[in-house]
């Protein structure tokens, strides 16, 4: 009980400390969202394993840390050389956040095509942003759990992207979240909003990068609205510090005939969880989500995917693959919900896991909840090790056992990595995976 | 094998044909639950002290528990004080010495259920231990079985006659601390079946028990315990029916199976309790804990169930695969229609090396029925080379029903392999048209396709049960199509 | 026996058959040929009563009865048999049991005695030889896991069992090698009789080398644009469909 009380007081302290510095306090719409969230923080239980959605996600280690908001001081970032973190041969419109704060000098604001708005929440709140007022908090569920409520109550900065109707953005938009060494356990809470108006088309890359051994908590929340016929390719790479906690909450709202193609890659962090929530508002929309995760020693990686088909004639396809080694632990919780009126839904979910070592652990829970009859829905899950026959086959062709195992792992993951259509990013991801596997094979 | 439309029509016309009430003078204790109720049950059953203590311990634990809410089912709260925990037909004298002495009305009731408790059954090779409400009234063929060394008797008798076996095994698979309803059962169970197959014996006949809930407002809490010693084999059939009643009746049974080295237990259930009417009034709440323990190496436990009845079904016949090379199987057909709800599945807990499990679940939802598969496959750290394959298919008939699949897969061993697949679909237009083009009516075509969908599970049932299961399926789905 | 007058059929609002006329007498074999998309399969499905084929005009009389007013199974009871291009798989439904249910449903509808198990078995074995169908396939589930050729043989076996008055064989030759084609054609020829009419729907002339039609019709754009005897098929083989399509346009 003592611990729970301490954790509770941590949360309350966060809220009471925050008031002074928050931007946009004069905005009624923001004020009411924050008030709702504060109330939720006060009322919601701490996440615990008796709650179905936290059954396999232990948060004790996270709550023990009493994270404090990262200082608002970006002066030390002046000297930062972004080149260290950029991918080669990669032209993008870019937003950079360091420890949760926007870094204008590293971001590319100029020369944006007409109809493309890129910015950050803190700056936008100082001005009069009509579309922000209209969209903020519209797709997210602030009261989903304690952490979404915290993010909203303390909403401070984050990426804002708006693409006007019919505009096709010529380059990828990249948002980089840097976490740099911190003295204290820092809490970073990016709050992002992405809106593609009717027929707009864009590619969004999000990269979470941690330096050194920092033990911070990135609790980010992203709202994405795709209006009629809009199309978004969305790539995420989570490569936080091995001592970091990372929680992503994504809320996706798709209107008629919109397309979402997402690929999410999780390599880093000590404890990472990503929740995808997809809702369709009208017919003909499609959501494809691909995920790859690796987890080794002292790593827990967790994906929750919740796709709600509440209207007829939409399609969703989720494919997640994981590679576990060392004492790595993975959790996958996927849910497809098909409402009564959502006839002609086409929804499929798969989760495949490779366990390379004895102490690895997988908990997976693919779910179908279906209330309509004329639907095509399925899920499939596998957990296993590399096929010894395949390993043997490669060895009989003269390939060393480590190389053979690595090759088979890369083959296993290839299906997901290949869904990244940006070549430099795809190559980076493949390289990053190969490095991880080298370490994994050595660890074994 | 397939029922012709004539027999289906006939069966339909008869409605819920097990809905008659047998008027027999019953010895029913007043409703309510307390330590005194439990002392009274124990006294009436002339139980030894250890049994009473066992019950009281469970009851005291139960008082600390809260009713679980996690299942995908909805029902009004159960008033445990409104239930009568003991109901026995009043006996003439000291109980029947032979079938001739059994109350003719009782025998008549069994005949209506189609259980021939007579010589014909001997020809069919089935021994029947019939449980009428709470007390076992007649057991046949015990002599034959006794010659083989098989004990097949009422649980209350086993408590008196074979206390050492009961004390050794009762609660060893499902302890009273396991869950809310199992705990309640441990406190108040009134009767059930005890089966003991000694080392090396193949049980010479299929053992069968029909459970039947007759008295209004009597909860039924059977306790079944089957122990198969080293190298023995047994196949056990359980059939369930209940008459129509307006009020919901609680049924919270516990079944424990123990298979020692090289033993095989096959447990088949056809459950056809009263499901309530189309508006969801009445019907049985079937909250059952069934678990088998493959304690010995190479032991084998197989659960097959066809669940067409009950307003709410909540059961997960499970296997603990403790012995190396042991095998667990779960084959299930669950049908929900009207306002029925089923939340059923299995747990396969792999502890030993080279353990294998197979799960085949076929859910059929019609009307406003809600059908949930919930299953757990756990590969423990030392479950070297363990294997599981799960196939969960759902068939939806009509657009107001629901089919849900909630599998939990936990793997702690890299050499273990788990494969899980689930699909949800309706009967395809192509299949229907094909059958109709060949002259079959739509209804007959649907029945044929649905039976085909379930065939993998029906194949696991003993022949007689398979036929009964098909008939039940057709009755259950009658009128659901179109 | 079959009289189709100005038949118009649409699928999802799109017109496929645009006024088709065809008369078939008892015992006649008619081949219907035509390029892809000309409406051949639509005709066969519309005659069998498949849902989703909306008849927007015209009439079909079968022995003087309005065929289009009937349910699919009622048409089957009258003796309409459709041998499908892609026979459907029925998982878990035993092939033999299925045929028996089908045959007895038709016999009942006609007021005939049902066949008992023994009579049925004798008949199945007898007919299976006709199409050289491995008896093992009788014990399997309907078409489940059958090869393309086995499925087509199974269709002809069902035709032999059900003894239809009108058999519509939709691209029965597609996907068959030459040996299988011979066997199936042999089976169909054995089933020719003065009371049984057959419509052969095919893309290629090849089938007609083995089953000699009395009449050949060419469909283009949802109509029969040309009719003749078997020499028409040879002409098509030589010149392709282009010239007829041009003429029709």
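So that you can tell them apart, the chains are marked A, B and C in the order they are listed, and the count of residues begins at 1 in each.
Everything below uses one rule, namely that a residue touches a chain if its C-beta (ideal position, glycine included) is under 8 Å from a C-beta of that chain, and two chains touch if they have at least 3 such contacts.
It should be emphasised that the depicted structure is a prediction, and the values quoted were computed from it without experimental measurement.
Engineer: Spell out the chains that contact chain A while also contacting chain B.
Structural biologist: Chains touching both chain A and chain B: none.
Engineer: Which pairing of chains accounts for the highest number of C-beta contacts?
Structural biologist: Greatest count of contact pairs is found between chains A-B.
Engineer: Where the centres are mean C-alpha positions, what is the separation of chain A from chain B, in Å?
Structural biologist: 45
Engineer: With chain centres taken as the means of their Cα atoms, state the distance from chain B to chain C in Å.
Structural biologist: The computed centroid separation for chain B versus chain C comes out at 49 Å.
Engineer: Nearest whole angstrom, what separates the Cα centre of chain A from the Cα centre of chain C?
Structural biologist: From the centre of chain A to the centre of chain C is 56 Å.
Engineer: Which of the residues in chain C come into contact with chain B in the complex?
Structural biologist: Per the stated touch rule, the residues are 48-52, 71-73, 75-77, 81-82, 84, 87-88, 90-93, 97-99, 101-106, 109, 141, 158, 162.
Engineer: Which positions of chain B touch chain C when the two form their complex?
Structural biologist: 1-2, 4, 428-431, 433-442, 444, 448-449, 451-456
Engineer: Quick check on the complex: what are the chain A residues that touch chain B?
Structural biologist: Against chain B, chain A makes touches at 52, 340, 343, 353, 355-358, 360-385.
Engineer: Which stretch or stretches of chain B touch chain A in the complex?
Structural biologist: 70, 379, 381, 394, 396-426
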